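A short worksheet on the structure shown next.
Letters A, B and C mark the chains as written, and numbering starts fresh at 1 in each.
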Amino acid sequence: MSTVPGSGIVRGMALTFRRFFEPKATVRYPEVRPEIAPRNRGRLQLLHDENGHLKCETCFQCAQACPIECIDMGGVDTRGRYNVHWGPAETYGERREEAALRRSGRPVPDAAFASFAEVDLGPVSAVLVAHDHDPAHMLGILEETQAAYGYLPVAALRHISFATGAWYAMVYGTASYYRQFRLAPPADGDPALAAADRRPSEASFLSALDAALGMGPRPAPGNARTGDAAGPRA
Amino acid sequence: MTTAHTPAGPHASLDDPGVRIEDILRESIVEAVPVGRTERQAEFYTLRDGEMLLNMGPHHPATHGVLRVVLKIDGERVVDIDPVLGYLHRGVEKLCENADYHQAICYTDPLEYISSLFCEWAPVMAFEKLLDVQVPRRAEYIRVMATELNRIASHVLTMGFFALDLGGITPVLYGFIERDEIMEMLASLTGQKLLFNYMRIGGVNGDLNHDFLSRLGDWMSHAARQIEANAGLMNENEILVRRARGLGVLDGDTCLRMAVTGPNIRASGLPFDVRRSHPYSIFPELDFDIPTRNEGDCLARYLLRVDEVKQSLRIIDQCLHQMPDGPVMAKLPRLVRPRPGRAFAAVEGPRGMYAAYVISDGTDQPFRMRIHDPSFVHLQLVTLLTPGNLVADTMAIMASLDPVMGGVDK
Amino acid sequence: MTMAAVTWQRLRPVGRLLAVLVPILLALGLVSVGAIILAGPLAAGFVGDNVPLVRFVAAVTAVILLSIPTAFIVIFLELKVIARMNLRIGPERVGPYGGAMSVVHGLKVLAKEDFTPLGVDVTVFTMAPIVTFVGAIMTMLVIPFAPGLFGLDLNIGLLYLFAMSGLTVVGLLMAGWSSFNKYSLLGGLRSAAQMVSYEIPLTLSLVGIVLLAGTMSLNQLVLGQSGSFLDWNIWKQPLAFLIFFIAGTAEANRTPFDLTEADSELVGGFATEYSGMRFGFFFFAEYVNVFIVSALLVTFFLGGWTAPIAWPFAVTMPSLDPLGLGVGLLLGIAALPVVGTLILAAPFWLSSKITTLQALVIGFILFNVVAVGLVIGYAFVSFDWVVGLFWFFAKAYAFVFLFIWMRATLPRVRIDQLMGFAWKWLLPAALLNIFVTAAAITIVSK
């Protein structure tokens, strides 16, 4: 610090005044793009070789090495290279259990992905044939599908959309608009079961009573809930 | 009409047009004085005559992140201060224990987002000690060079923010210009701009490339002059000097008692630097000084960073000249399983000593991992230094101690 | 269904709007015409009897209208100059060279929600911005902008000035007190302490000038400095100039004395809880204040609207009598733009790269530039007040630039340093200045 009072301030003012005329550091972004370094890895993208083929071999190594598992890919095989995609969010569920096991040592069941489970498409195909795959009969198709499954599985809705040519959004919109349609398996389909659900003590009492009386076991409550009519789950 | 305005039940309904939500809410405004859970809190929240509590943060422009500081003030004078932490807690240490050794590195990156490379280096060094890996010399040189660049980037920003908290708006933008150049440079070396994720167990991810070296050469040609000129804007300014001199004086004994490290202890006259005191990497072979100052006040802590930038430039220059050839990664399996044991490694970061303490149980994941962050230590000093000063000085002291909340809350 | 209803239903929305508006406008027009016819003589008589009052109302209106563009210009300068000093570009997308940025800011502030937080003293909270704004802009009433161009020539102009600028403190204190926020309270009290302290050296520094000039009318003060730049008060009262400059910076709440809204300490100070146009009033008042302090510096110390050097040679323009030209005037008005455009477009048209249309457009723009320049040049040479306005604004905006420059460079002082500086340095210096001036006058007059 110098001895003359105010000289520091004056020197600072001189610096800012000089900077007033110097070239500016601003990058006018949309017109001028900053140079991205060749090594930049800020972006997830699949590279092409010089022939225009995807370089990705779908070896899953990147997805396995990814510490926060933000990479997830649904591949077909190494020959069908063009089918490699890292697509919709629901594919995230494919490796979910495995990843959870590996990371925390226990599976993490998630009810949100249960509705994407595959179902037997036989009944819905029959319904579609009966309606001649006509999207104009959507209400009827949906009603009969619900009658067949007990509810409207997502897989069935997708199949209806695919077979009739109606947009999935329309099919889903129709199904979610009308009151009579259910998109989840009925929880209270069986009144007795529902009662057992609500009052577990009563159910245990009943089973204990049955055991005491030597009667056979009552039908297991689990079957109807997961949709007996819906067929085996994948 | 009067009947329509009478509340139907015992409680007024918000659907009632005669009831205004403002009236209801206004009644709910009470002088809420927190109940102290500890003796210290009970003492803090007991207000004497003329005192008032001022809640600064967690969203306050001067708290550098999400720190909440409760000030007990008497007029403009701070009587007592209570920093409240935890708004940025992410459980990084626990996350590291659930990832394997390679994956744990990238969790430590965002601890101190201002200087990420140091946060990687300490755990990586600890892992290397566990695994008994010999890091190639070229990798060590690259590590030192990149981290010293990162130290400069952190220091210019700190200096700018110190001036910003004292009311000068320009230095921080000059600092950001330098920092941006360094970040671009490091991006061309590491591939990322903020969270580099560059260190690997046994080396670094990627060798030097032409892009980086040309940018570095451009920058080195004017860096010293430019940083000196930018610092000259403030560090001779009478207003700043009069405010910062003699403010928040930290003596050597207190430094040792509170485990202060980094520029803060060196500004108090103690030449403690992990690079010299507990040498690691290639620092014994490099020629640089440990600048110290004896005043221990905010001005000394601010000016010391200017000196350190010059030393860092010296180190980078030497690294460039002595850079050996060779590989940048040691041969290591993809999945590493160190023998059971424990390791401690410390590096000298821009704020002080970063350290990692890792316990291995023989699996591919760390059994326990602890990270020592200097910001957490230095934040305790705020309680020590601030009382008796003015409200405006609180920001100056906090800015000169330079805690980064990402490191404090972990 | 009546005829009217059927017609109404057939109308489109625009038609309905017109059907509503046209009768209303017609009725308003008729009423106003009738009012003018009936009350016109009465009003004319009133105006004739109360010229000062009418002049006052007109001056206040003009001042309010003037304050808005002034604030816009100062805000734009602040954005742009600080940006350039920070090695940034600043606003450049809205309007030419970013010029409409502050106007858009103003519109944004108007469009935002005018929020009243819970727990505030609503009346005081609402009044505070108005008091601050009025206190700021009413100061402009006595500033002489050019020869004959001032709101009021008060013979106690200086006293009026300090009374009005004292109002600003009241507004800030009201805002700080009523906001139900500790930051606002601190900011408001800081502003009260700061401005009350700095009023004293600010006022005392001008006593020397008043002693020298023997008048408190700002207009007379400026007239007393006319001549060359050697007659300006800054040479006679350099210490007073310095004191007034520093204290004025503090009065305008500018860096390094912007403690009342120190953003890194008190978030927003007194304005923390304000939003929408109420905040806009504070914002406008702040920037109008910058201009006013600059204008006062110019008025008191730099000769106001007088030119720094007298025009070296007398220019007498031929007096134009437009009506004397008769039909020639009409022809000139009709033909001049066309001819001018064609003449100016010719060189561009001859160069092969430019199409005819482009050349015409360029020629038209050039013609406009030349014509406006000629008109301004003519006005500059032939009217006193144009020259006065030019010099006044040039000097005032030089000081505005200086204030912005200081803001870009300096950090903020601490509250105890601020108060200590006012009482320990500025006040004794101002008293010393008065003493020295009085002694000099006594000695010289003997």
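Heads up, the rule we're going with is that a contact is a pair of C-beta atoms (placed from the backbone, for glycine too) under 8 Å apart; a residue touches a chain by one contact, two chains touch by 3 or more.
Please read all numbers here as calculations on a predicted model, not as lab measurements.
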Graph class of chain-chain contacts, one of line, ring, star, complete, other: complete
A-B or A-C - the one linked by more C-beta pairs in contact: A-B
Chain B-chain C separation of Cα centroids, rounded to whole Å: 46
Averaged-CA centre spacing for the pair chain C and chain A, given as whole angstrom: 60
Centroid distance [mean C-alpha coordinates] between chain B and chain A, Å: 38
Of all residues in chain B, the ones touching two or more other chains: 170, 177, 233-234, 237, 239
Numbers and ranges of chain C residues touching at least 2 other chains: 85-88, 408-410
Of all residues in chain A, the ones touching two or more other chains: 9, 12, 15-16, 25
Residue ranges of chain C in contact with chain B within the complex: 82, 85-88, 118-119, 182-183, 186, 190, 255-256, 258-259, 262-267, 407-417
In the complex, chain B residues that touch chain A: 98-99, 102-104, 106-107, 170, 177, 180, 184, 187-193, 206, 209, 211-212, 229, 232-234, 236-239, 241
Chain B contact footprint on chain A (complex, rising order): 1-2, 5-9, 11-12, 15-16, 25, 34, 37-42, 65, 67-68, 103-104
Interfacial residue positions of chain A with respect to chain C in the complex: 9, 12-13, 15-17, 19-20, 22, 24-26, 28
Contacting residues of chain B [partner chain C, same complex]: 22, 25-26, 29, 52, 54-55, 60-62, 76, 163-170, 173-174, 177, 233-234, 237, 239-240, 242-243, 390-393, 395
